[in-house]
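So that you can tell them apart, the chains are marked A, B, C, D, E and F in the order they are listed, and the count of residues begins at 1 in each.
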Amino acid sequence: MHIRVILPVIGDALLNHVTEEVQGWVGSGTTVDTASLARGTASIESEYDEALAAPGILDRIVEAKADGVDGVFISCFGDPGVHAAREIIDVPVVGGYEPAMLTAMSLGERIGIVTVLPNVLPMLHSLSRRYGIENRVGTIRVIDLPVLGLEDRETMVERLFEQSVDAIERNEADVLVLGCTGMLGVVQELMAKLAADGHRVPVVDPTGAAITWLESSHRLGVFPSRTTYMVPPAKVRSI
Amino acid sequence: MHIRVILPVIGDALLNHVTEEVQGWVGSGTTVDTASLARGTASIESEYDEALAAPGILDRIVEAKADGVDGVFISCFGDPGVHAAREIIDVPVVGGYEPAMLTAMSLGERIGIVTVLPNVLPMLHSLSRRYGIENRVGTIRVIDLPVLGLEDRETMVERLFEQSVDAIERNEADVLVLGCTGMLGVVQELMAKLAADGHRVPVVDPTGAAITWLESSHRLGVFPSRTTYMVPPAKVRSI
Amino acid sequence: MHIRVILPVIGDALLNHVTEEVQGWVGSGTTVDTASLARGTASIESEYDEALAAPGILDRIVEAKADGVDGVFISCFGDPGVHAAREIIDVPVVGGYEPAMLTAMSLGERIGIVTVLPNVLPMLHSLSRRYGIENRVGTIRVIDLPVLGLEDRETMVERLFEQSVDAIERNEADVLVLGCTGMLGVVQELMAKLAADGHRVPVVDPTGAAITWLESSHRLGVFPSRTTYMVPPAKVRSI
Amino acid sequence: MHIRVILPVIGDALLNHVTEEVQGWVGSGTTVDTASLARGTASIESEYDEALAAPGILDRIVEAKADGVDGVFISCFGDPGVHAAREIIDVPVVGGYEPAMLTAMSLGERIGIVTVLPNVLPMLHSLSRRYGIENRVGTIRVIDLPVLGLEDRETMVERLFEQSVDAIERNEADVLVLGCTGMLGVVQELMAKLAADGHRVPVVDPTGAAITWLESSHRLGVFPSRTTYMVPPAKVRSI
Amino acid sequence: MHIRVILPVIGDALLNHVTEEVQGWVGSGTTVDTASLARGTASIESEYDEALAAPGILDRIVEAKADGVDGVFISCFGDPGVHAAREIIDVPVVGGYEPAMLTAMSLGERIGIVTVLPNVLPMLHSLSRRYGIENRVGTIRVIDLPVLGLEDRETMVERLFEQSVDAIERNEADVLVLGCTGMLGVVQELMAKLAADGHRVPVVDPTGAAITWLESSHRLGVFPSRTTYMVPPAKVRSI
Amino acid sequence: MHIRVILPVIGDALLNHVTEEVQGWVGSGTTVDTASLARGTASIESEYDEALAAPGILDRIVEAKADGVDGVFISCFGDPGVHAAREIIDVPVVGGYEPAMLTAMSLGERIGIVTVLPNVLPMLHSLSRRYGIENRVGTIRVIDLPVLGLEDRETMVERLFEQSVDAIERNEADVLVLGCTGMLGVVQELMAKLAADGHRVPVVDPTGAAITWLESSHRLGVFPSRTTYMVPPAKVRSI
């Protein structure tokens, strides 16, 4: 299977890190390539950024379709461009939110998301309502680090741990979901720290959930429903 | 009060018609000007179109802010770019869906939307869930005319009437909402035809609802909440 | 447009104050007159009061209909008699709750209501469920002043401010709604105090929201749906 | 136990019939007396009627309290005055809707209500939302007979049967509830006709459900919660 | 009426206590007999226990059917085996949860459950969602005593009181429900202690609620709907 | 990875068929073994069957734990014993419903389930409410063949096709889910027939969804949350 990972930001600074991380999750027989955007924003932390990133993402979807890929991962927890992409390509497309949250729903009752900044909370609440799963979301919390500050790995892990423990102890979360696809390579460490602290609670990594989701969808032979994701009518488009 | 109407499509073909229609709704003391997009699509009938239109809409929001307008109407029933716009401007911004639906909620129990094509049904269902009002939506129907086919006014009115009567008689709607801002200048005729047919049921025009909503919001001195619509963090953006 | 304001309490003590306040909200071209009740209670702070006030309110609706008014505002946040009134008059009728809440829904995600006494909390929760918008209500709080104690304006403003700040800081409200139509003439001051305290959060005044709602509805040509608000069958009524 | 039945209409025409019916439901050791209203309407078939009936109902609640009764049944399916009554008396008070619906919830999945006229459908839908049980209501249907036309027993039973069978066969109801307390003395016959037709589906009589509910509540020693049904503050009331 | 009480645990240690308690709730004319299980677990405090108890419960249902009883109470708050039982017997069957919760819904707005151990919280939350009443559940709390530790009556009452007061004062409960049918004979004392502490809030005993529910259902002539609880097809069963 | 498939019925008749089917879904590096029950029923088509099957399923879970497997699939669409199993084993456990439905949620808006007999509809509706996803379920339909009649493959496929087309054309389903794990080896044929009929709508096979779900969960390093699925307290159990 051939997965295209779209990193929905401009610049190549993060590409190697993301590629490496994705390689760690893929199964045998899966090939992956990665592309960032020619137009967009340096990170996505608002509805504004998400709107600006969408055309650049859809450019990459058009390419992915031409390249005949078998699945697409738009590597951002806010699922930017995901629904538009499904209208124009016949293979499974996911962002970070949907596969991570659906995976989490099978592991415990209330899901706690830990994300970057307060700015994205309304977007994540909106997604939970859009997908009809808000009654399973117990809490959405922030570590107050911007996406581009996640390279301070130690601080990130420490704050993820603090917020996770607090959510568990207040009975607001039975499963945790990392709420930013930039929180790379920390999920095992976080689960280990929680276990060492007496909390046997699973943590879902959105990159891992997305990659395995695409592989499963591919094996199941499924694709975006054309009664939900209809092909857009032909017309003049200039963007 | 100064209202900026953004027609979120490329080309000026519809500008005069929209401007004229809007002038018919504004109250005394309100000035309106209208702008279409420099980049975008010829009409919005899919998530794909909506995503492509957003940057061009946000260009116009930046201009509107610089011009010091008092309110913005993005003239499309799918509310494209509305939430992103609220993050970057301090005055009320609405599309067609939200003010029409909230207005309708005070007029009867179940709301019936009649829109253009099946392609937009999932978007409209998603909006109802996002806004938390899906339990008030009784039916969403189509007249199977594309946006750019609405200039055939007679067919449009006939099909709106048929769908409206059917929705009422099946007890799926107590209030109707025109589900496309391109359905211009037909609301009074439709209500009259329904009344003549024995159905005293109100119909909400999304353009009228948006304009009066902005005027009311302005008089009430309200604005987008900065805890929901936070100002996007500064960063490189290239789009 | 001619709006009739019904102050749903007995006695004329508050009439001048309410009339003056309403005059501050109406648009040009709107005339307003005000009437209190011949039978009812001195204030409405319970389901019991609401039930006792309803016949006196409906007396005034019958008069309003005979007088050919274009819209009716029943000036109480609990929407007493509103749904019964819509059955017997063909023009828009609103109380304080519905227009204020629907207005607030376009300004931010979670709505915080600040009202007078704990006694009315169950009524307000019931209304949110009846209208199907309970998932948008983040908190309902009280300032522990009875309606007739609101003339102590300084205490009222101070407590409104305290409750508003607390609701915002605990992330329970993105928009505030004044939960009593007797909280007259304080909305701008409250928004200014919140802004000075660093909270750019809108506050909706129920009287202002009701008046602008009626004016908008009138301009839109809409009216109560006769499939929801059917005309009551003829019969003996002695009350 | 002493139960007071309040027939919330003016006139004594129906009193004997209701008294007789109630006597058929009470357990040993229960005494019942019945009172109609001094002011109100001839029947309740609209929000308007309900509002006009409430003060007369509350007059009877004050008397019931003075008489030291142990429970009150307000004999109307729309639960008129029930919540106001609970604020001013310390014993269980029910109408027809709440005990019948809660009883039905233990018998099958979807509840089908069969009531009198379309006029009351919005009231019944509102109650289901107010009580938070709308997801259990599968259908609400009418037999198109006014309350005062129910004395044509044969027509009533025939139409109840038709609507019940149709609801069951369309998979809209697993349990039926008679949606008017004036549908007296037919529940056993209706269940027998359904069984003879191959449908082993229970039907709940609202009068029977109310009487047994009060007896159970009395035996359980429960009463209206004073945090939901607070005592109304003292004030001038003139009605 | 003849009620069979099934105590869904192995061993006879608790049988006398339960029988005595049940005798205190039944009405005149009702006879009761009690049976524990031949196979199952010593108490039910997990989904695991519930699953292991079910066949032994269903053995007793088969006996109850053969004995021609008029109603069955499976004395456990988690409603173990209740839905399976309704498929194979034609008389009302209840556990502790459903009748207690439905009874509580008529007494106040938010229901607070106080149960034994954290282990059962997910089961109780699941039941509230299964029955569609989760929006009425304000809080579920534990006293951290296992079922078999409830014989320390003094500790049980003290902890029930503490949790109840805390739930009431935090506005999380208007009505309380004892969340274990092993909390025998304390409901009146708990209500008295709450009243003495200034909280006039009803408490529902699940055993009392179940017994009166069965008696009411019997008098109403109702039974499990055969469109929800269909008779299981014939097949080989070996258990 | 080592997956244990538990076929929750007595007898070995179906074991080879299931094993073969499962082998078709597993990824490279996964080993699978299969076991049916020593005690239980010949098929599961009611709550009664489900209750009788649970202890036999849990026997197999205890064995699976002792054998150190990495994941367990209980091969029945009703998820029998799944939640109890998660309490006593530390690796992912799924039935057919949860992974198939969560998978389907990423493919389209409304999910249509096509299952065997009307008897299981209430169980499936209950599961949708228990999991909090009922708003995504558009329809649940039956092909009116018992589980043990599914060996008539031609009839099964024909009826699945008929029900699927009808659900799609009435706009009740955008994604289909096979509602019985006994509907083996037909999903690709059904999708092909739908596509040939003009319906590009995905169909989810519950066995495939379960196997890929377990493999993904294993790769993600997740497990049942111990705050939802607490370890059952030690006690006497005799079953």
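By our rule, a residue touches a chain if its C-beta (ideal position, glycine included) is under 8 Å from a C-beta of that chain, and two chains touch if they have at least 3 such contacts.
These numbers come from a predicted model, not from an experiment.
A.B. asks: Return the chains shared as contacts by subunit E and subunit F, ordered by label.
C.D. replies: Chains touching both subunit E and subunit F: A, D.
A.B. asks: Can you name the chain that lies farthest from subunit E, using the mean of each chain's Cα atoms as its centre?
C.D. replies: B
A.B. asks: Since subunit D and subunit E are copies that touch, is their contact same (over half of the numbers shared) or different (under half)?
C.D. replies: Because over half of the interface numbers appear in both copies, subunit E and subunit D meet with the same residues.
A.B. asks: Round to the nearest whole Å and give the separation of the Cα centres of subunit C and subunit E.
C.D. replies: That pair's centroid distance is 43 Å.
A.B. asks: In whole angstrom, how far does the Cα centroid of subunit A sit from the Cα centroid of subunit F?
C.D. replies: 27
A.B. asks: Quick one: subunit A and subunit B, Cα centre-to-centre, how many Å?
C.D. replies: Roughly 31 Å separates the two chain centres.
A.B. asks: Where in subunit F do residues touch at least two different other chains?
C.D. replies: Residues 109, 122, 129, 132, 135, 228-229 of subunit F touch two or more partner chains.
A.B. asks: What are all the touching pairs of chains?
C.D. replies: Those chain pairs satisfying the definition are A-B, A-C, A-E, A-F, B-C, B-D, B-F, C-D, C-E, D-E, D-F, E-F.
A.B. asks: Which of the residues in subunit E end up touching subunit A in this complex?
C.D. replies: Where subunit E meets subunit A, its residues are 122, 125, 129, 134.
A.B. asks: Which residues, counting only subunit C, touch subunit D once they are in their complex?
C.D. replies: Residues of subunit C touching subunit D: 10-11, 39-43, 45-58, 81, 83-84, 86-88, 117-119, 122, 126, 129-132, 146, 148, 228-230, 232-233, 235-239.
A.B. asks: Taking the touch rule as given, give the residues of subunit E at its contact with subunit C in the complex, in rising order.
C.D. replies: 109, 135
A.B. asks: Along subunit E, where are the residues that touch subunit D in the complex?
C.D. replies: So the residues of subunit E touching subunit D come out as 25, 27-29, 92, 94, 98-99, 102-103, 105-109, 131-133, 135-136, 168, 171, 174-175, 187-188, 191, 199-205, 208-209, 212-213, 215-217, 219-229.
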